[in-house]
């Protein structure tokens, strides 16, 4: 058995000279600890040797018909055992904020997340899958001891899964002040009414807890104090998973994106997180690192798409018009642009991760927004090129490409559409206007004085 | 007088809280020395307070008619005095290769070059202007003592200027093996015949030395050994500056892009650099850092364009249809995208600079090519948005935008068109194909074994 | 009951002033007969009042599990009855080549196809659905009387459906000379061995006949004479529908894109179409009009997406940040660009249709290729904007957008990927090079003579 | 001498089989008269045989220094003589509105304008150059008899030239209600004060008349009634041509884009066009056909750029890396895309021209806006590809490409920037929202009724 404890030794046998750690961009290398580099190399091995090959089994083990949403692929438990044994567990909790995690920085974990993004099973196998990651952060950061004991512990152990219920179908919930699910205090309970959708993960039979954002005080003059976050155990009376949403034609079983209704759902007040009216505070604290995770996994997906594209254009059995596709200039340009675009996007994300590490997510609003907007568009472009290079095989189940494209397409919408972020980024950047106008005015005045002092006139007069 | 020795104190008076050093992307910050940070702050002051205001005078002092190519703006000498005094001189020579320079790394100088790119005069004022920088590198690296004494010393002092003559009008010289200018040994001399163009800087009356690439051994079976580089003093008999090329409608006086003919030009054999047949070696050694300089200056130009755009969309006298342009969503999106695209491009260049610093330019071929291709396209996009936001003022002499656009447009062609670099990048990336195909094959085999072992079949059968 | 015979009167009741005929671009209007205009208006009514509302029922009636590929939605037969009664049947067969059709030109039918592209059911309801349309053209044009009687008649009656089997999984079949399915003469039969995929429509239980392209003479020195086309009844011994391919997760039931294997399949020689070795002739004759149909339906899909986008951005219940999306400048720009891009693409297709009408598809190779490449890319862009404007609702089953996107994405691949067409178009255009170089040379010579005669010199000399 | 009366017979000698008339897109052909086709063929000959070769002489004859703005190239008069003799004169005045012109429709003249756009001299040689064309339309349509006699007659004869002064430097004049030049009635005169820029053509010594838009009644409650248009002879006291604006470094001599100041300029009230307060009416009537002219000339420029690109990539002396550029896939794709984009844009313009011909420009607002926005962006893309294919020769004076690019870049700004037009187009398209929302709602209701009636439920419930 190999040192990693994994049964295959795929990477070693390839004679590949460069480890994952060697491939860290030089500009980021200095900030990555040796321990993180070793874990990164281990993650690459685990992903490429164990998880990627297991993806096909994972899909084959998915339930059909009635069993679609009541079972999950057994292979995932086997992978979890291997990951835990190899120390690849809960890697995501950033060291400067959480004692429960593996002690890596956001930069370090980001590098690992890239490899996890190369397959379907790795994130879950290492207990680093969304939305559990963000939910664990919420519980670790804002939960009280009882809440932690009841929900955080089993989540950290990978015994249960969870969902985060914020978005609603009937309002423009890209603006979270619009959410309407009502939370009414009644004695020691809250009564919840309303509906949520895109409750990702709620399709899974292992999903036991919903973290629910709702409106507890719709008359509060401060629109950012009207919301609260409360814990609702799955299966509570009045909670109905109405249907599962598809993403393009995929249902993402066993995970599932649920449309859930709440009809007079009664939850004890002790399930409130942090306190009434503090919902915005919680969701804002939740978003930063999660965006880095999504972004880095998308980078990994783009790298994988590029791998697949290169494999195709060098497939000796596919020579349209007598020429290997890799001899076609247009294909080479697609490969080159993909390389360049991936590399640029990665640096944007790593820089954002370091900016979070410097202090916290608030410190990195600009950098996180840049990653949020840039990466999915880049990854969609790269994947779509790969799809096109495969022709019919690219759009169907014979490559992972079409599915990856659909997953990443949702990232241009999730946590706010690109356009909302761009407007916000534009407004923030535009705050420099007074300073800039002042500088340009002064430079103009000095310039005019220089002209006068030197007795010359500006050019281009008739 | 301020500490910097500059007469104005423009930045300080603006109450701006962030210095240039503060604005270094966090991912690069750890690799920048304190001395470099101090110099960077000084450079920003010098550029914004001294050089930018002087640009207008520089243009006004350009000669007209007969004097176009026999004079140069006196302001440049004043700026050079100030720069030298402030220690801002020859900053470009990288510390790990040259003792003559200011002792900065490519990363550190790259950060400085960004500020120089914000104006017309700063690079020359600090003796960091192309093509002198590359030429000085060639002489310092490959020149013998006599050559250094005669040409490198006055160049380092800023007493003369120089030109690099490689490209030819009648061949596809993006492929340097095609160049035809002949160098024939005759006794102790070489006789040169042929023509060169895009000899940038040769229009300047201060340009005293041409570094000329030609073919000394066209029969050599190794096509990369046929070329030599020789030093030709401007004004040598038989050398004729035939005309100056325009860039769009700009003649770039006093610099000038010359079309030069060589008719039986006789040069002593001692002017040969490094030795006959070593031309390729020299030009390849010359290219890496120069591309970082160009790229970082272009980043600076893009930042300046964004500044100007923000100034315009907040101009209270320009309210089409009753609305400040900065309230228009499309303008905010342009600003946001520009911010994001500039930031991504900068990280690509800084990463390339660090990769050079790690060892040398050969070590960073991929990273340099990425910067070479990405940055000009990004800068052109950002500048064009700024042009469009200004309307008529954007395309004419009333802003620096149109001129900057034209200058940077040439970078998509100079040192090889984008398309040549993309093909090369694609081919290099495609070299991973055997490794990738091997990995995917093995993963597929393991996946099929897993299916067999678990007794399930791949999905989607009818 | 309304004059159209349709039960609803949706368009009339909307008080909409413009009929479909009124909306024909003025540049094409003169070439459209009054009868075609009347039919076009009827088609619009049929589509909007009958078919679009029926789409939801169509999807709800699809079989699940075992019944997925053995049933089809009953609503389709009801619609077919209505369409036939209204005279909306077999509209696609172009008047100048086929007596069996409704007697419209390609231009006229193209205009109708645009409306059919606005929904799932209309093409089939009017017996104008691919691949039957192209298959009927093949049989009408190249089939003998027996073949016509057996297969064309029931197809024209809408009693059966058909598939066209050309593409193969194991070769680069974008180059049709690569196909390998073997057809070996054995007595009065042909024996077929090989496999086909993307056999669209073969999933449908009503699909009774396959038109199969194979290699009957792989030693023929003329690579375009090696192929033949033969008729294979569905269910022939040795034919196995191995699986159905998905398109971004959609299985397109009941249609289905089948992967089919042929193992010693025996077919009477009388099933050969046109004669052995004439396969290329047949597939080339089949492609032209079909591409116009696809293109115009895609235009219809894009129009529908724009409709849906406009509906969303004006939805009074969706006001993120207190503002209707239709007040956002970026949304208005998306709408405007979509309008413009759709209109330009439509003109390209209509021009191509007229070019076919002038003579035949060979006459219109350039124009058809332009439509083939431009339209899907345009439609994907427009639909993706609509998806983005809907957020979560855009990627799931709550709008028709995600499904339309996936369908049209395949058009960038089907009948040859964009890149193959672009290379061919480039080569054809490049054939003008000798003529162009000759003209430019002569103009240059005349120009130089004019300079001499007028005693002036070209400008820009130093 | 050839039948055309032109001295060369360049096109005939090329053995080119297709005439300009043959190349009219088939979709437009039916609407073009035989006389227009003959004139079109003659225009092509005149442009290619006479004008294009003369362009180089035109540039060589431009004055330098002091003579820059007091002379013009004599060749232009020679060409005008030839054009008049061949009947190629004042072709632009549309037949259904003006008796003074050559009697062609906007569609027919549009086709001719495309050829004129292939060179610098043809528009002026045929008296079809902006801004004279629009100014002649204004005078013919709105001028009184005295005004026509004094100014229209010499303009129609090509004896003088003219300028249109609307845009102002100090306001956002893309919104024409912002203009501030004051027109104060004083006895029988108006007194004008203010400044104008981008007064194109005012640099030419032959420019004798300015058509000036100003504010005569700034207190009028109707902001579209505050403006008037008045005729100001060049050289009137108080009028100063302050300077000439450059366009990316080009001064466009002898035409020139002037910045003009008005200081107490006194003009007789009889110079008022149409009447006080009717300025908006006049400028709106002026814009439609002019935009078609600009657009079609830009199409011609793009065609020319494509010609030049094809010439370059087939230049046997330019083979980087041993390969003709026309063998490079990327180059072929550029050629193909250029062909496609030009063809699509042309159809958009021709359709707009026909829409004007149907009635008038108001009838064609959408179509004209589409042409206005699409064509310059397309042409810039095509020209930029050509520039890139030429490398250094592309950006300098050795090809017409850089200059064409700069000219067309201004069209994205002139007569309102793209963004203003896109917002307007978006708003207009958005007016369909009530109709669309009504239709979709009714379709949804019918769909739901169908589900109920058929006893089925929508799919995708859990």
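Letters are used for the chains, namely A, B, C and D, taken in the order the chains are written, and counting of residues starts over at 1 for each.
Everything that follows uses one rule, which is that a residue touches a chain if its C-beta (ideal position, glycine included) is under 8 Å from a C-beta of that chain, and two chains touch if they have at least 3 such contacts.
Which protein is which chain? UniProt says A, B, C, D = Acyl-CoA dehydrogenase.
Because the structure is a prediction, the values reported are computed rather than measured.
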Quiz item: Which chain lies the greatest distance away from chain B (Acyl-CoA dehydrogenase) when centres are computed from Cα atoms alone?
Solution: C
Exercise. Write down the chain pair with more C-beta contact pairs when A-C is set against B-C.
Key: A-C
Quiz prompt | Inter-chain centre distance, chain A (Acyl-CoA dehydrogenase) versus chain C (Acyl-CoA dehydrogenase) - centres from mean C-alpha coordinates, in Å | solution = 37
Practice problem: Return the distance between the CA-based centres of chain B (Acyl-CoA dehydrogenase) and chain C (Acyl-CoA dehydrogenase), expressed in whole Å. | Solution: 49
Quiz item: In chain B (Acyl-CoA dehydrogenase), what residues contact two or more other chains?
Solution: 245-246, 328-331, 333, 397, 419, 422-423, 460
Quiz item: Can you list the residues on chain D (Acyl-CoA dehydrogenase) that touch chain B (Acyl-CoA dehydrogenase) in the complex?
Solution: 64-65, 167, 169-172, 174-175, 178, 197-198, 245-251, 257, 317-322, 328, 330, 387-388, 391-398, 402-403, 405-406, 409-410, 412-413, 417-420, 422-423
Self-check item: Touching residues on chain B (Acyl-CoA dehydrogenase), where the partner in the complex is chain A (Acyl-CoA dehydrogenase)
Solution: 8, 10-11, 13-14, 16, 25-28, 30-31, 48-49, 52-57, 59-62, 74-75, 306-308, 310-311, 313-315, 326, 329, 331-337, 339-340, 343-345, 347-348, 350-351, 354-355, 358, 366, 370, 373-374, 397, 419, 421-427, 429-430, 432-440, 442-444, 446-448, 450-451, 454, 456-460
Quiz prompt | Residue ranges of chain D (Acyl-CoA dehydrogenase) touching chain A (Acyl-CoA dehydrogenase) (in the complex, touch as defined) | solution = 69, 203, 241-246, 256, 258, 328-331, 333, 460-462
